[in-house]
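Alright, structures below, take your time with them.
What follows is subunit A paired twice: with subunit B in the first complex and subunit C in the second.
Showing the complex of A and B:
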């Protein structure tokens, strides 16, 4: 279980990273997903472009009403609140539940998004928080893609062939959001069988009910969310089951029940069932 | 003396382990050593039409064709109906499971060896894969071994007469049970490093094994070398559990290549190889019919047991030990009137099957204990009462059961009641009702078992195995410094034998354990032993050390008496010296006299000296039976299917406890593995027999957060048949958790009408059972 040979480059600016991209290259940050795939030879890039020397990708700052997290910020820093600006409590809570501390020390928020494992935490949590992803191209231009649109399916994203994730932007208002997050795992630290994520910010009219670990990208339950915003009441587990069954036809009933349970429990942290 | 039998002595081996100074196969450095990687089959069943070595690397890639002089692993058995299969080190003609070795590639580093392995082109013609028992036994099933007339390694029968039981039964319980296929996952996988030592004219093989002397025997047979030309060294070994008690095809290939090339060659199993290609274990299927009277007393049991043993028979335990043991052990600790059982060892296109901690008994205990709970529910009695009614009673000991097992000593109902008391059985129903009032589902479950340990010559001979253990030998000597050296051909790989056999010596020689040096695992330095398996190490190696230490003590008193100018009968041993009254001769002085100043000894001194080798086996071959009851309280979350263990109790009797602390560690570790079987671990295959659980992200092992705080209780009923009354205990705690936990889950689920009969009881299965029961209720309304 040793990787095939590859060339390892460590440029020191984000633009230089984007400039080194090619179909034979792969970006590596913490390596917590890519590392095992290299060792299993499931990923066989000729060239690995490391982000470790790009200081700007580890910045956290606030600008234009957004909290901007560099793509190479580790889960552990978010968990610890190791940031010059206050982080939304939901971010810190979600970070704390990712895998194990050893993984969180190395793994990064941008790496998790780029990998887009359907059972991962960030794609669901950042969707609930209404985050947008900043993509930097080799030409040095940025574009922004809102969650959940960034994730296009299991392990598929909106990243272009010459783009890297530069940053994640979360509305600063989310510091005051009402939120709930629940995940069901076979054991502590494993990828989830079901995720429920909810964030409400009445003042800005933000409401997001998200079902994660569906097997594809995170699922936004818009109608149930709108009902919840109107009624300010927990929709109840049977209603959530029906909404999920309608949105995910063909899903095995046990999986549907797990998804409904996680979502119901996430909402119950905001509104009693 | 504080270091003797019964003392909680810290383990001698822990300092090196905790300081990262242990030496495993992967740590050994030999100049010029190359690494090996295997080309493994991507298909479960295929004809091997050709292998093309990459151009320019023909001398670094070896196939079965190159190894024509290497004999396959061939496991004979004297059991009637047993079918012999050849297990070649490298596939020849056909591949029979995904991961089977096809070629071995060598290079200066493992990564380069893996590059080379990728460049080997293998031409395979797919054959219909046999992914499970049903396919294997189907009318037109292809054959795993084409010269056989079916896919059965072995069938066995117990033909008891059930007519009386059927006639008298007030309750008939029929159930089918299934236990998952598992991988054992020792922390260190297999590893082997072989080189030819020209000075010794020996092949020296470092390998991660529980049975170094057996591997030496097996290797020399297959390689065509005299045993004197093979030295096997098991260095530090990072867990065995049965995985490392058989001759491995990789041990053969690596040894052959080392001999052929003159290079030191190492292969280290990685986790993917372990999970997809290494030996599997545990997969059973049961169909049981139990007959009981209105009180819940078992009158008879009728059973069919299928074991999916994969493609090959392992040496020396064969593909059939598991099913034979399952048939023999199903009645467990219970007094069963009549018993009929048929077992089937079924060949499939999966890796071969190796006995794992508990050998068959985790499966039979699960099946039997769920059946007892079903009987208790049917007659409306408490499951603990039904168990106490059916267990072999203390007054009946010694007792020979319906399959001929000789239970040497103990009080099984007392252990069951003690576990019930520890878990709070008398107040549990009230606790359960209170939880129900809060909408919570909790349940209590029990499982009882016996653990046959250190069974010997006659039992193994009856199993028809190619290897029959006899007298275990150990050497104990007084070194010139006055320290004591022990040499044993058994091995210590986590179970603490390095410490506990030293404690036995300390018991006789009355010295601190720091003065005892233990050498194990090296065939060049130790007397022959068949090794560590079947919970035999403590009884057998401990017994041999005890006998040798007793004799050494006698000789020390003889020499000491001469130095003290008295009769040996007037002396005693304490504090590392021989004493007469206030006068003493230290062990160092006695050693100095024998080794360096023989002028101080009389002319007629006993020339046997201060080095003693003794052989030992208990005075019965039928084994010493440790026994225990486990009790678990669980909470089941009906919305997620998740099971949480709220309390877990083990009440155990393993005879005399040599080191209670090590015993507790064995209990925790075994129970943790049992919880893995109960709730988490499952090696999955698809319909083409392709493994689906190839990393630890797919094969879920319990971690610290999933394990309860175990509470232990003990009684000590010394065996009348072993030295010091010791019984083996290494396997026991892994046997009962699935039975206890799933009984507790079923107790919790009873109000919902759901019952589980399959492990692991994953959230998916528990939730599925709840949804099915709910659908069935709705359909009935």
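Showing the complex of A and C:
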């Protein structure tokens, strides 16, 4: 099965990529989410604009207290720590759990964010780590959007019609974060049914408790997170389920239980239950 | 547009030109001229006659098409022609003189690690990566890493055994693994309580409308309870008129209706997905109960998907005389490619998004304004002007 016909452009600067956007065009980075949709003809763009020739989007560096990962950095490079600057351990462990190695070799952190599949790993993990996304417009200007505001719902993001993701910035302090991450999948490597993510950095007061794979964007449990920091005690699965039920009214009880279990297991990696 | 081009006259776009792709396959240079949509697997199989690489799911799940590109296993079904230019590709036909692959082939034979052989080319590509990369022959790790290659006959016992044997042989030969270990995980040690920093102001995610999404007898059912800031009589007048309802549904257009039966289409854009469902159905209302229903079927030709479903709605008095509560229940079943894709979140996210836009538009119309960017607006105005009162229900 072939996709519907498309032309495939591969400009060599990020500004040029943004300049080629139109309603008929789709940006393709690693193509590990868009590729299946093209092959199934669920997506039928007339033009693909590839990031493959933009070397600067594969840079990883550190500046102003931020670890800056180019949008086209692959999951496998993060898993391997193939970077001139040390990466937060949470990023490396989360990367290992994404799909399969053959997918991680091509799939990219920026592509996953732009696709904004509700069950994806990065949107939840980067929300917990307090990351911000750098968006580049065709005019070459940058703006920054913090997670979780970047993801507005299933497959919907803050990206404007002439913007691409240029980079992801993670506070360098997150190298020392206490963190837990857990996901429940029917099969290893499949999309998650539930994700729990927590990152704490007591020295800077950072705490983020995040429930992922809710069906919409990642859910930040602000109150439960603050309680966690102040009490330093595992709240227990029933309390987490109550917090989730309050934040996600109408959610199926089985789904709620899965989400609470993933959160509880994530917290248990920091605090004994 | 070139006026001499018949394709331009017919309004059909000319297919993009074939592009040259130069690559090295199993050590030999190759050049092909292919349309941009050609997958690497098709270049290998159809242009270079290297048919060991198999295609099955073509959505990155089964692993049958896995080949090495620049020393790393990748899905050749998800790699398009332009991204292959300059690539070094190794397929099962290659690997001549590769010590690890020779050991793997012997170990697969010894352990009966294949039966029908369909998955084997992809299994060996993945296995070649594992025996070079993994730092131990830990069975759990190997099984996790093999989750991206499906075998449906002989099973994984022999495959896992073969990979473990070759890792042991590699270690015995003193060859170091190429992979880098992850940072060690520490046991949960707790922390001293601390005062959280004030959370940065962040936009609250738009609250989903109250309601629920369930699956009943294979049908997806989305129920939503929506508060509308207008009295029930006004809301009912709006909902009882099919054209006004359609006008508020983003991307929907009525082609024809006699007030009960209708035909039309809904163009859907959601993330990377585009679909245009053409269909027909019936619209019925019960003015006494202020309730109604839409039943219909639609077909998306481009994506080869079908949708069958119905929408029930009821308008009731809201919290004040000037407010209404609208109950909406959407019941649908999607078949074909969109269904095969099997991502329920995708469908419920889409429905939520459409319902959200729909409610916003209904509110705008009831406020006396007009619908924002409805693609159907101009056509609707035209139809309305032509057909006059025909569309209005008595």
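Assume the second predicted complex is superposed on the first by the 273 of 273 C-alpha atoms of A that agree within 3 Å, B and C clash if a C-alpha of one lies under 4 Å from a C-alpha of the other, contacts with A are read in each partner's own complex, and residues count from 1 in each chain.
As a working rule, a contact is a pair of C-beta atoms (placed from the backbone, for glycine too) under 8 Å apart; a residue touches a chain by one contact, two chains touch by 3 or more.
This is a predicted model, so every value here is computed, not measured.
Undergrad: Touch test for A:105: subunit B only (first), subunit C only (second), both, or neither?
TA: A:105 sits against subunit C, while subunit B stays out of touch.
Undergrad: Is A:83 touching the first partner subunit B, the second partner subunit C, both, or neither of them?
TA: So A:83 meets neither subunit B nor subunit C here.
Undergrad: Return first, second, both or neither, reflecting whether A:96 touches subunit B, subunit C, both chains, or no partner chain.
TA: second
Undergrad: If we overlay the two complexes on their shared chain A, which of subunit B and subunit C does A:155 touch? Say first, second, both or neither.
TA: In the superposition, A:155 contacts subunit C only.
Undergrad: Name the contact category of A:184: first (subunit B only), second (subunit C only), both, or neither.
TA: The answer is first: A:184 touches subunit B but not subunit C.
Undergrad: Please work out whether A:137 is in contact with subunit B alone, subunit C alone, both, or neither, and reply first, second, both or neither.
TA: After superposing on A, A:137 lies clear of both subunit B and subunit C.
Undergrad: Look at A:211 in the shared chain and tell me whether it touches subunit B only, subunit C only, both, or neither; answer first, second, both or neither.
TA: A:211: touches no partner chain.
Undergrad: For the overlaid complexes, name the partner, subunit B or subunit C, with more touching residues on subunit A.
TA: The partner that reaches more residues of subunit A in the superposed model: C.
Undergrad: Intersection of subunit A residues contacting subunit B with those contacting subunit C?
TA: Of subunit A, residues 1-5, 36, 40-41, 187-189, 191 contact subunit B in one complex and subunit C in the other.
Undergrad: Under the stated contact criterion, what part of subunit A meets subunit C in this complex?
TA: 1-8, 10, 26, 28, 31-46, 48, 50, 52, 76, 79-82, 89, 92-93, 96, 99-103, 105-106, 115-119, 146, 148-149, 152-156, 178, 180, 187-189, 191, 200, 202, 204-207, 213, 215-217, 219-220, 222, 225-226, 229-232, 248-252, 268-272
Undergrad: Provide the residue numbers of subunit C that touch subunit A in the complex, in ascending order.
TA: 13, 15-17, 19, 35-39, 42, 58-60, 63, 66, 72-75, 77-83, 126, 129, 143-145, 147-149, 179-180, 182-183, 185, 188, 190-197, 199-200, 202-203, 205-206, 208, 210-214, 270-275, 302-304, 337-338, 340-341, 343, 345-346, 348-350, 352-353
Undergrad: Mind pulling up the subunit B residues that touch subunit A in the complex?
TA: 109-111, 114-115, 118, 270-273, 639-642, 680, 695, 697, 700, 702-703, 705-706, 762-764, 767-768, 771
Undergrad: Write out the stretch or stretches of subunit A touching subunit B in their complex.
TA: On the subunit A side, the touching residues are 1-5, 36, 40-41, 184, 186-191, 193-194, 237, 253-254, 257-258, 261-262, 264.
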